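Shared chain: chain A. Partners: chain B in the first complex, chain C in the second.
Presenting the complex of A and B:
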């Protein structure tokens, strides 16, 4: 119980509730079902990508190419199926996109492990490469012609509510994907050699190798999963917004990484959790939307978010520093 | 004890050798790649090597090159400056606003008002860099998060002070800096080279530069050697901010306008690309590598534009080839190091 109360995830949860209550007190409309469902919907794809990012961060690496993989897989799949005259729904879309995502991830793993290059460096090139590939070889324009099976996908709800402002809205069906993926990743991290290997790699790569973890195989699996999750997020986002976008998520890579790190994942590796990631993404979404409810004008919003982010980044650093000083006080006396 | 000291000395000398090899190796590879690319595009399209096309390349590359330099010095101390592009934008915006205010006061002496505006931009760059440096150095937060947060903050400030509008209506004299040439060399390029030389001098020939490299290779060792790591970190981010501000000045004078969203989607990645391609890693790397990396990206971009003239969406092939060539160079670099028993 004490462990739970001290955990970063619990702190996050408290902050999340506190922020929501402050916003809700100012503007009770914030607590409506439609707002909550809207926030869930908005966070969904970022959570899915974030879970891929989580695995990479835990292993002590940083990847920025997942956004481009999401764009490439979803857009290529759509253009391919469009040409084949496919009229069905999400199933085949997801299957093909995941296949592309797995392949893209495996190819990246091949480059990084074969030539012993840092994942971050390769991913920089990988991002430009796939966006360029999309725009030059596949197509340059947003594509709005949906197959019959995807028409109306954006309004398939699990729970429907009537809202006086937003009309009929609800909890979108794609939340099921997130649930399945979240449980799957949680299981991977907690109960498989792969998951424990990720933490070991992030804690100390050399020690992980000495301890017998197959770092190469773990890297392959990690990047393949990262690519597959990005693909799922890309397809869901495009299907929901009713247009397939060749530059989907462009420039949002760092936002996703920030959300995951705010959720308690160490950027240096070895620490991080599924729940923390989801809470981190939710917090950013609530902040963004909450400012609208608080009546902050659009011009000032970004600046306020920036200030809040600075606080979120600084406070843990200050706390960590203080704890360290208490622990090793003789060493740090010179400071 | 003596054995230990001997070992330490041995380690140090091999470290020094590795250092010089590392720099020369990467610079050599980049130079060869650059020459191959120039010959490739030059033979296929004769237009590529005309004065006009070289001049246009020299006009285009300084802004991203300067941001690459700003990214590079942050990466040398194991940091990163994701806010570099927004530092450039916010500095240029504040400078632009003051230029619009000042211009009527100095009618006939526009250069005075422009000089003051530039000074304002640099001060703004220092301010942005100081905040980054304070949060990374003194607060101790991870640089990637700090600069991500300040990126949002600086962009937010830019939106607030302009209301989201693009600033225009500067005195014509401003465009002299963006469009004229001295002895046939475009002014932005001259500024880029001069700044590069200054940064080179700082990194290679001052104690500050030496401390930066020490901090980059081993922060703990640097700290216990009596180096004020916090203050070095602060200064590095300030320098990075100034480089961003200079890039902002060049953008402002080249486009004769300032917008808060200039380059926000692609410039951060490009600056990172240049810095990594240039061979920058904590404690290692050189300004020459960064300059060569900038030229390589520019040559690829201009070259493929000429090669694929008339092909739809040809400018996007550049992104694709950047990614491929970037990864290929990383691989070549690694193979060369492996064969010579280094790295």
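Presenting the complex of A and C:
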């Protein structure tokens, strides 16, 4: 119990509630079902990508190419299915995009493991490569023609509410994907040798190799999953916004990484959780929207989010240093 | 004749043309403690890695439990019951004790899914085999060195280890912890588990090993029963020359005013009410168990952990040292315990490391450092301290442990400090280098420097210090003059329980 109360996740949760209450007190409209559903919807794709980022960060690596993989997989899938005259819904979209995402991830794993390069270095080029691929080979413009199965996707709700301002809205159906993915990633991290291997690599890569973890295989699987999750996020985002975008999520890679770090994941690896990641994304979304409710201008929003990030990375560091100081050599240890 | 567990025949290994191991053969029996001794670079680590399956030998044969191998892989080696406890204990600082102990069992089974109950049970079993308990949910990174070693041993035992290789196991341990480790080793031996005890602390090897193996320059130079082998002979085989540890010239510092005077220095909860004087030309030893506050005291004199109260005088003038730059400005040098983490920029060149503390002094007026000056200064120190390297432009990481330690020394000596604080200067350093470092310390003192030597290596203190202060629980409890004390007396007082 004490452990729970001390955890970063619990602290995040408290802050989340506190921030919401402050915003709600200033503007009661914030406490409406439609706002909450809107925040959930807005957070969803970032959560899905964030869970991929989470795995990469835990392993002690950084990847910035997932946004481009999301754009490439969703846009290519769409243009392919459009040409084939597909009229169905999400199922085939997701299946093909996930396949592309897995392949893109595996290819990246091949490059990093073959030449023993840090994932971050490769991902810098990898990001530009896939955006370029989209624009050069697939198409330069946003595409608005949807197959029959996707028409109206944006208004498929699990729970419907009527809102005086927003009209008919609700909890979007795609939240189910997030639930399934979150549980799956949580299970992977906690109950598989792959997941424990990620933590082990992040703790000490050399030791992980000595312990017998197959670091190569873990890297392949991690990047493949990272690609697949990006693909899912890309398809959901495009289907929801009723347009397929060749430069989807461009420039948002660091925002996602920031959210994951705010959620308590160590950028140096070895530490991080699914709950923390989701709370981190939610906190940023709540701040963004809350600031709108408070009438703060967009420029200020960026600044506030930036400040929150700095606070969130410095507070744990300060706490850790103080604990270390106390632990430096406690004298009672001698007895 | 007892049963043979491991036999190596004619093992050779080259790295980039350099022979790390040259036609080495030896065997280890069941339930035997085998001591492996050698200076840095003698091939000990290479041998460990070959047995562990990390390196492939270029030539030779390996027999384990009667099975013949040309080369091993880590997994094969583990399945044959070989476990290595590396100097860093190979732990994951970010994971719990339970997982650190139990995860190997899951991996070696080749399982994909982790059963946490199994991990906890394995961890409990492992710790019970060592006969201690450590909280299973503590993070490994938060434990003491001795506890981390226990975890590493527990983990090895769980793998049904038949041979445990311990690489420099006593380096980070205090006297009392070493005694505990030896007790553990004896109980392992009683269960017919073999130990390969790799160290360069000859007295420890002699105490614990049944048969001793000495490597020099990649060759086996000695292989015989520990009984009847004396330390002098071992030193001779290890270094290839006679080492004189007794005749370090000793001179009483003159009756002058003190260089450094400390009164009632206090920093809760580490130390309190510490007072002492340090004269020029004096080597003052400070000893005590881990946690006695000796390291913190040193750090406070160096401004890293500033004291809360108390006074410091330098050459009769009261000074305040609250930051490291204060100490550097007052010409106080500090050579840390953990040279790798705190003392060196491993990937930088030797020359850059040496000049880093005097960069300001050798820079021109506009702050540019000429490459020529830099190299000249660096080369001077490399030759003065006999650092073995083809070029001062090589990265420090290319050097062996003993030579790295000399670079740390060079770095501080280059600044020509008035007071030099050395914290465990010979931890992890072999006999030959150790003697050289002791001589250097005496030489520096002779030239007028005041030196504070923090160590729990009693022979080292006796050989190099004029006076020795003993700290316990943050207080200086006793002071010994070198000529009036002995190794035995110091040892007794050091490990004496609270009275």
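Just so it is clear, the second predicted complex is superposed on the first by the 326 of 335 C-alpha atoms of A that agree within 3 Å, B and C clash if a C-alpha of one lies under 4 Å from a C-alpha of the other, contacts with A are read in each partner's own complex, and residues count from 1 in each chain.
Rule of thumb we're sticking to: a residue touches a chain if its C-beta (ideal position, glycine included) is under 8 Å from a C-beta of that chain, and two chains touch if they have at least 3 such contacts.
Since we're looking at a predicted model, the values are computed, not measured.
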{"item": "First, second, both or neither for A:207, with chain B first and chain C second", "value": "second"}
{"item": "Dominant toucher of chain A (residue count), chain B or chain C", "value": "B"}
{"item": "First, second, both or neither for A:128, with chain B first and chain C second", "value": "first"}
{"item": "Chain B versus chain C as contact partner of A:267, first or second or both or neither", "value": "first"}
{"item": "First, second, both or neither for A:251, with chain B first and chain C second", "value": "first"}
{"item": "First (chain B), second (chain C), both or neither touched by A:199", "value": "second"}
{"item": "Partner chain in contact with A:117 - chain B first, chain C second, else both or neither", "value": "first"}
{"item": "Partner chain(s) touched by A:156 [first = chain B, second = chain C, both, neither]", "value": "neither"}
{"item": "For the chain A and chain C complex, residues of the former touching the latter", "value": "3, 190-196, 199-200, 202-204, 207-213, 266, 270-271, 327-331, 333-335"}
{"item": "Chain B to chain A touching residues, read off their complex", "value": "82, 135, 139-142, 144-146, 148-157, 159-160, 163-164, 264-266, 268-269, 272-273, 276, 312-314, 316-324, 326-327, 330-331, 334-335"}
{"item": "Sites on chain C touched by chain A in the complex", "value": "52, 54, 74-75, 78, 84, 86, 88, 90-95, 99, 103-104, 106-108, 111-114, 116, 137, 142, 144, 269-270, 289-293, 295-296, 305, 473-474, 498"}
{"item": "Complex contacts: residues of chain A adjacent to chain B", "value": "62, 64, 111, 115-117, 121-122, 124-133, 135-137, 140, 250-251, 254-255, 257-258, 261, 267-268, 299-307, 309-310, 312-314, 316-318, 320-321"}
